[in-house]
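Here it is: the structure, laid out below.
The letters A, B, C and D name the chains in turn, as written, and every chain counts its residues from 1.
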Amino acid sequence: MTLLVIEIKVPSHELVASQGLAPSLAALWPSYLAFVTSFLTVLVIWAHHHLIFGLIAKDDHPFLYWNGLLLLCVTFVPFPTALLAEYLLHADARVAANLYTGTFLAISLAFAALWRHASTKLLSDDASDARRSEARQITRQYRFGAPLYLGAFGVSFVSEAWSVAACLLLAVFFALWRSPATK
Amino acid sequence: MTLLVIEIKVPSHELVASQGLAPSLAALWPSYLAFVTSFLTVLVIWAHHHLIFGLIAKDDHPFLYWNGLLLLCVTFVPFPTALLAEYLLHADARVAANLYTGTFLAISLAFAALWRHASTKLLSDDASDARRSEARQITRQYRFGAPLYLGAFGVSFVSEAWSVAACLLLAVFFALWRSPATK
Amino acid sequence: MTLLVIEIKVPSHELVASQGLAPSLAALWPSYLAFVTSFLTVLVIWAHHHLIFGLIAKDDHPFLYWNGLLLLCVTFVPFPTALLAEYLLHADARVAANLYTGTFLAISLAFAALWRHASTKLLSDDASDARRSEARQITRQYRFGAPLYLGAFGVSFVSEAWSVAACLLLAVFFALWRSPATK
Amino acid sequence: MTLLVIEIKVPSHELVASQGLAPSLAALWPSYLAFVTSFLTVLVIWAHHHLIFGLIAKDDHPFLYWNGLLLLCVTFVPFPTALLAEYLLHADARVAANLYTGTFLAISLAFAALWRHASTKLLSDDASDARRSEARQITRQYRFGAPLYLGAFGVSFVSEAWSVAACLLLAVFFALWRSPATK
């Protein structure tokens, strides 16, 4: 959870002197958008991560590596977030949006790999039917993760703002849509 | 608890060269005030959060969303804190105080929503009388939270310093005043 | 433990261009000294804190307040640490050393108050003799904490470097000297 | 794990104005290299640390000191990481690489000392054969740690980039190579 601490820069005294504080704060909207989107995404990742850890009966070496890869990507998130906040209104916004959505695409791929390994190798042999059914529903749901984030990555080449909005919607979507078994 | 780490900026060498270190440090009083107020507020939030988690018998989906909203607001706190520290002595202090007290108002509303849901839906049916009585007293106490922070938000349009002082007093007040059942 | 993360500033390109990287790094020795001293002090605080939590049988309201006060002081430590690192070689070093040693003095007082309350009110009535004996020895040891840090604070008015060295020695001293019962 | 949060600096508007954002981000490759290398190294340290804590039956005073020393070195890691990211492409890169590899050498020595003490003094007398065998294999493996990092430190005097690559390879190597007993 501590990885969620994402800094928003206080506007400089020069900017505030020329424009006033309220307009300077309003001009920071890319920061707020990036902050909320990254916050919700990381929150959903932790929630699903927690769900996976509750389902598996053991861990093994490959699980630790996939988990380490996922953690590496999540730890990287503050950098593209700060980059997007700084450059979303800049001529070079495309590159920032590419990296931002690309990071989330990488996370969705690492998550898919982690779950694929966990669901095929680490469920206990005598798992209850409820657990197996829950695992199947998670598999069905996660199937959409990487393609959807690939879509957001594609959109980032066309419209930066829409690609970030897509990531925000995806985070809300995966927060709300959980398999019936976990309700 | 790690969310409590709020940075205070070391005064620049230019400032210290012209004014000396002691006066430069004294001039940082808005930083200390903002640091202590935010620290105590977040501390009280965690303590009450802990109390709620100890009372409920289960959680559900809406609980997770309200909890996520509360966490989002608390994670945001370092930004208005840094803003207030930077601009409390500035001509535009009003805006900084609005955002600072407004953030705490938002937290109190998220907390009220979280508790409303938890107290009506998530207490176990066979909760002991002591627990039910404690829950009722918490409900009575939390009824004052949002209106009081709304008051502090209102004061921020009249006097910035008094609105921050009000937030500090409210944090101390909610730290000291706990329902008899939890004593 | 996360409170121990104290930043050391990378030397600027201007400084490195004029002096070379190695001498620039060597000139950062006040940063290293402040980092190590603060790290060890906070480490000892957590270790003793852990010890107290292991001894008491319950907690109460005043315990939470003393504990909150201690946490507030510890959370503040990065600021005087950064200040000392920046100004130890400066004409105004005295003020920085005053604040640095003064913060540790405040911590030792908060710790003494926390332990006084815990040892007189929160040991269970049927504590074993071993526990009671351990508590008495901790009381004997903590008696030295505040006076020793008061001494370091006094030294900071005479020699900044020696006062920091005293804090470093005190941290090592309290790390090594634990009551026989906890050995 | 929170110690893994290592900041990468967003490129300045001046640099982006003159070169474009994509080339500015590409020029940050020393930051990415340093970030990934430090991340993986700290991850492996925590994993092995966890392994040691699972094997020992008790702790004692010297264990706490060696552990504190290891923690001090790990807490220091963000500084040489930031230094390397800033100066790897600079005329003074050697000094940065020396400090970077030297920090990891110090960590490997602290780890060796911690394990030497834990394996000779803190295994329970009636440890199972499986545990004793696992401990012997860890001893065999850790024998390579300090000499290999001494090698990387030596390489840093010849080629900065290769010495960092060596640290990256060592982290991967120690992540993949675990004693058969722990598989």
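Here is the rule we use: a contact is a pair of C-beta atoms (placed from the backbone, for glycine too) under 8 Å apart; a residue touches a chain by one contact, two chains touch by 3 or more.
As the structure is a computational prediction, the values presented were derived from the model and not from experiment.
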Intersection of contact partners for subunit A and subunit B
none
Inter-copy rotation, subunit A to subunit D, in degrees (Cα atoms; steps of 5)
90
Distance-wise, how many Å sit between the C-alpha centres of subunit C and subunit D, to the nearest whole number?
27
Quick check: how many Å separate the C-alpha centres of subunit A and subunit C?
38
If you look at subunit C, which of its residues touch at least two other chains?
2
Interface residues, subunit D side, partner subunit C - complex:
2-3, 60-61, 64-65, 68, 71-72, 75-76, 78-79, 82-83, 86-87, 90, 92, 95-96, 99
Which residues, counting only subunit D, touch subunit A once they are in their complex?
1-2, 4-8, 10, 13, 16, 20-22, 25, 35-36, 39-40, 43, 47, 175, 178, 183
